[in-house]
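Paired with chain B in one complex and with chain C in the other, chain A is shared by the two complexes that follow.
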Partner chain A sequence: MTATSGSIGRPMGPKPSLRRKSSRGSILADRAATVVLWGTGALVLLILGSIILHFALAAWGVVSPSFILSDPSETTLGGILPVLWNSIYMLVLTMLIAVPVGVLGGIYMSEYAGENVVTSAIRFAEEAISSVPSIVVGLFGLILFVDDAHWGFTALAGALALTFFNLPLMTRLSEQALRAVPQDERSASLALGATKWQTIRHVVVPLAIPGLITGVILTAGRVFGEAAVLLFTAGIGTPPHYNFTNFDLLSPVSPWSPFRPATTLSVYIYKLNSEGLGAFKNQIVDGSAAVLISTVLLFNLGARGIGHILTRRLTAS
Partner chain B sequence: MAQMTTANRLTGLQARPGLLERIDVPRRVVFLAAVSMIAIVALLMTFIAWQGIQLFVKDGVSVSEIFSPTWNPLADAGPEFGLLPFITATVCVTAVALLISTPLSVGLALFLSEVAPNWAKAVVQPSLEIFVGIPSVVWGWLGITVLVPFLADTFNGPAVISLPVVGQVFSMPGFLTGFSWLAGSLVLSIMVLPTITSVSYDAFRAVPQELRTGSLALGTTRWQMIRHLLLPSALSGVLTAVVLGMTRAAGEALAVQMVIGNSPTMPAAITQPLTTLTSQITLDMGNTVFGEPWQDALWTMSLVLLIISITSVVLVRLINKRRLAS
Partner chain C sequence: MPTTATYPEPVLRSIEVTTSQAGADEFAARTQDIKISTDRVSILYGEKVAVRDVSLTIQERSIMALIGPSGSGKSTFLRCFNRMNDLIPGASVKGEVCLDGENVMETDVSVVELRRRVGMVFQRPNPFPMSIFENVAYGPRRRGQNDRRKLDELVETSLRRAALWHEVKDDLRRKSGLALSGGQQQRLCIARVLATDPEVILMDEPASALDPVSTLRIEELLRELREAYTIVIVTHNMQQAARVSDVTAFFTMAEDRAGYLVEVGPTGRIFTRPNERLTEDYISGRFG
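Presenting the complex of A and B:
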């Protein structure tokens, strides 16, 4: 309060020029400003609407069950099954690592962290990773996993690089969800004799579940569309035909193995565009982009819906 | 009970907590999870910095040479690793993107925070979240299929401004293909719009409601209140938003690479193709061999990007520190 009102610099009300009664000119200016501000809102809706319409039209006749469920082809339209599979696979693998670490980190930041050097160092690191370009994080993965650890392009290298990139987001969203739990709940639990950890485990985390799930889904949306991080870590080749009955987790060809290159849908779009070959390139990219956008829409709606339902269920009791 | 206490004191067997209880295990675990981010940043900086200086250390390129405007890594007479075209292009493309995006985003934030009724907020805010979620390759593809052809078809002649007496005062070549500085900036301006909007929105919401009602009660119009009270009060927040948008724009790789035309020249006209730091790295990394000077130059570019982003983090902190101090 003091900070904000102090920064205005004129504590005794508005500028002298404003002390007159509103003139006709200032009323007109106000009307004009209102129209312009409404215009910005309308513009955003217009852009989004046309993008969705554009892809709906472009994907018409391309996206079909066979497009989603068949392998890419040189001569026909083919499909995107392997790359879509890789996107889902990378998403699950990344979230398996990022969610536990992010939620635990969020618990520390919300429940334990004091005002000290370590906390501010963590905050600085959080901001630093968030601002490092995704391509640089990808290069870091390239040097660390692909070159120095001699893994080559693997799904695991990609998932770890994606984890690095999204950990700050996951941690911050978890911290926010946990901080939103009222202090009274903690005090009541501690007053009943529960230890701090029992309080966190049985009171704070359950109450924060809706927020935590929203955080997970928002992070998942970002992971699903990311490409720059994966170009130089998970590889950019056209995937072979996957044999989904090969469950050998160490095999370099099994679709279930983390030790194989995994070109995702986003990377595939980039690859098709940069190679620029193939009679069906435009249709395939339009179709893939439509699939990506629909998935992102689903993630967003899902985050809202689940957050909403859980909040109502958990707070109504 | 009392007896037990006495007995314990006598025998020195005062119940000491077990090892597991003395070390707060959960605390250690969550602490490790949080500090892992420090480890990641430290490792990332070390590795990128180490790779980034190889061009100078191993390949014997002097620091001043990277500020040359000539990029020719394959020249027989001695390759040239001037990074100036990329650095300047990154600055120029980002600057124009921000010029387009900032007024729009701040206007949108004002709309959401001051003007919009609840139903409009309920429509626009989720739309912005969808904007954030659209992957950068999709923005790039939209740029290629919609924006680039539009620019090439619409503005294909040179733009010339002539005055009666002075003669020609301004001329700019038209678009050749549409792949250009402007195309890159336009795509970026949409991509950073949600970032700038949401951070400025938070800044406007943080201004106490009493100040608004106070101003309106004195008879100001809403726009006067916004201009003379809200914008000055939230200035540091809006600045933070612009810096964050700048960071995102300067670091965006794929969308820019897809529409900018990839020509390593010094920026002169907004209609010409350019190459930014990120787009050159994206393009060349796969075509070079580890350890050769060409690739080392790419690592130096990524070090430049890292320095830009860390600088912006520090900048944001300084802006906010000033706000808290004043």
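Presenting the complex of A and C:
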């Protein structure tokens, strides 16, 4: 290169002003973007806030310890204990199946699978199943578990149908969380003589925990809120009084057993709203909705908390 | 202004070549056995040749510097010593790379075992987001070392060797490796490698992301480590190569952009009386 210093840089001439007019358009665009984006964020918060506020006001005077801890009643306000219990029960049961399978599937997709026909088929299936309407998944569960397998309406049938419905999302989110772990971390571990599995177990998964927790939370939200899948699988009848001291896991009446019908809070709200006749119908629906929202929020916070603890445990044990 | 005046002063003058006759004698006394040898090593990414036909030997307990312009395949070549090229899809290595006379390219060689004997320090300091203690204990733990007292001892020895112990001994378990400064992080990465008790340490521009003071500390450390380890270092910094290495290998690119070895020799000679015109042009700043 033969460039001399004189030919480098801008030519000599009047210095450009810091207040150039030509930049006004871009300043306006910048401000407009700020306002629009800020406004969009505010709108999301507003929607969430007004939903919460609406049900908080509607449920005022309805939700009380006795509402949460009593059985439903046709003649008085009663309570929602069995259906709330079923919601939590279904959540745990579904997560026990969906989280391990989803995370292992994500590990396979992110760490082991190459880009080939099989993985594109899996990705296609993930997307296809995710976009199937949940009522169809419910019908599928009805045919497969309730009728063909002769299980009848059971919590297990509901949980398996929910797993079908949620596994693709769980797998996809796990894969994304694991892929987001920088390659440097894997190289560092492998270069220290760790095996591939040790690297996944001790570096990749711990670093992906926050992302994995997001997957769990999104899936859990869908389990809590899902009604259509459960209508035909876990049943829709008003549950009987539960005897929580009956720990027989095979019993058709024990609240701990997966082999019993399990109407959840969401299904209960749907049922009351569409066919409920009781005098307190509206209050019960509002109260149930408020409890449902609170439970979801509590679960999200709890999951984040557990995520923090897990990350700390796994990265510094 | 005449064209030549725009060139920087020849770098040679500012390089303090430590390998005097006394240095060469010391080097000869320190090392005689061959630790690594490569025989016509070529590395391809798909069809593209990244490194062509490199044959050289590296003596035990010495520092070899690989220098040369960007794209000359130094780092790619470095990564064949611990088979990190295996991780790059489409990369293939031809030829022989021998560690203590054993070809590491053989299919029945355990890369896990190889990487325990041939450690690596990367360009960007990359401690795990774990405590300082856990960073150093990572390698030993993966080999099944869980004895608390042994780990304590190993972590302390490794951090002392990496000249980091005094700066971190008070919050080994509380402080994350990522909370350290860049230079400290790189010394932590060196300690992490030392804890796996390697024989060879590969360093891929270990100081290029560090400030000059941290760089000097790493260089001091390298000079101490060569008493016990065989070190291969890739560097863009010729002063660094001149300051720390016993032997320097100069790489450049051919017409087809494949990297190749131009010449290799005692650092003192390479920097004062190179055999090749290309080497002389590069070290005097006329190229690269």
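Convention: the second predicted complex is superposed on the first by the 248 of 317 C-alpha atoms of A that agree within 3 Å, B and C clash if a C-alpha of one lies under 4 Å from a C-alpha of the other, contacts with A are read in each partner's own complex, and residues count from 1 in each chain.
Quick note on the criterion: contacts are C-beta pairs under 8 Å (C-beta built on N, C-alpha and C of every residue); 3 or more make two chains touch, one makes a residue touch a chain.
Note that the structure is predicted; figures quoted are calculated from it, not measured.
Novice: Touching A:Leu207 in the superposition: chain B (first), chain C (second), both, neither?
Specialist: After superposition on chain A, A:Leu207 lies in contact with chain C alone.
Novice: Once the structures are superposed on A, label A:Leu43 by its partner contacts, choosing first (chain B), second (chain C), both or neither.
Specialist: First partner only, chain B.
Novice: Applying the document's definition of touching, compare chain B and chain C: which contacts more of chain A?
Specialist: B
Novice: Of the partners chain B and chain C, which touch A:Arg179 in the superposed model: first, second, both, neither?
Specialist: Neither partner.
Novice: Touching A:Glu226 in the superposition: chain B (first), chain C (second), both, neither?
Specialist: Only chain B is touched by A:Glu226; chain C is not.
Novice: Is A:Ser134 contacted by the first partner chain B, the second partner chain C, both or neither?
Specialist: first
Novice: Is A:Ser189 contacted by the first partner chain B, the second partner chain C, both or neither?
Specialist: second
Novice: Under the contact definition given at the top, report the residues of chain A touching chain B in one complex and chain C in the other.
Specialist: 3-5
Novice: Spell out the residues on chain B that touch chain A in their complex, using ranges where they run on.
Specialist: That would be residues 24, 26-27, 29-38, 40-41, 43-44, 47-48, 51, 104, 107-108, 110-112, 114-116, 120, 123-124, 126-131, 133-138, 140-142, 144-146, 190, 193, 206-208, 211, 214-215, 218-226, 228-229, 232-233, 235-236, 244, 247, 250-254, 258, 278, 281-282, 285-286, 290, 299, 302, 305-306, 309-310, 312-313, 316-317, 323-324, 326 of chain B.
Novice: Which stretch or stretches of chain A touch chain B in the complex?
Specialist: 1, 3-9, 13-15, 18-19, 21-22, 26-27, 29-30, 32-34, 36-41, 43-45, 47-48, 51, 54, 58, 100-102, 104-105, 107-109, 111-113, 118, 121-122, 124-129, 131-137, 139-140, 142-144, 147, 164, 167-168, 171, 197, 200, 221-222, 224-228, 231-232, 236, 266-267, 269-270, 273-274, 282, 285-286, 289, 292-293, 296-297, 299-300, 304
Novice: Tell me, which parts of chain A touch chain C in their complex?
Specialist: Counting only chain A, the residues touching chain C are 2-5, 184-195, 198, 202-203, 207, 315-317.
Novice: Across the complex, what residues on chain C touch chain A?
Specialist: Interface residues on the chain C side: 1, 3, 6, 82, 84, 87, 112-113, 115-116, 119-120, 122, 124, 126-131, 134, 138-139, 142-143, 173, 189, 192-193, 196.
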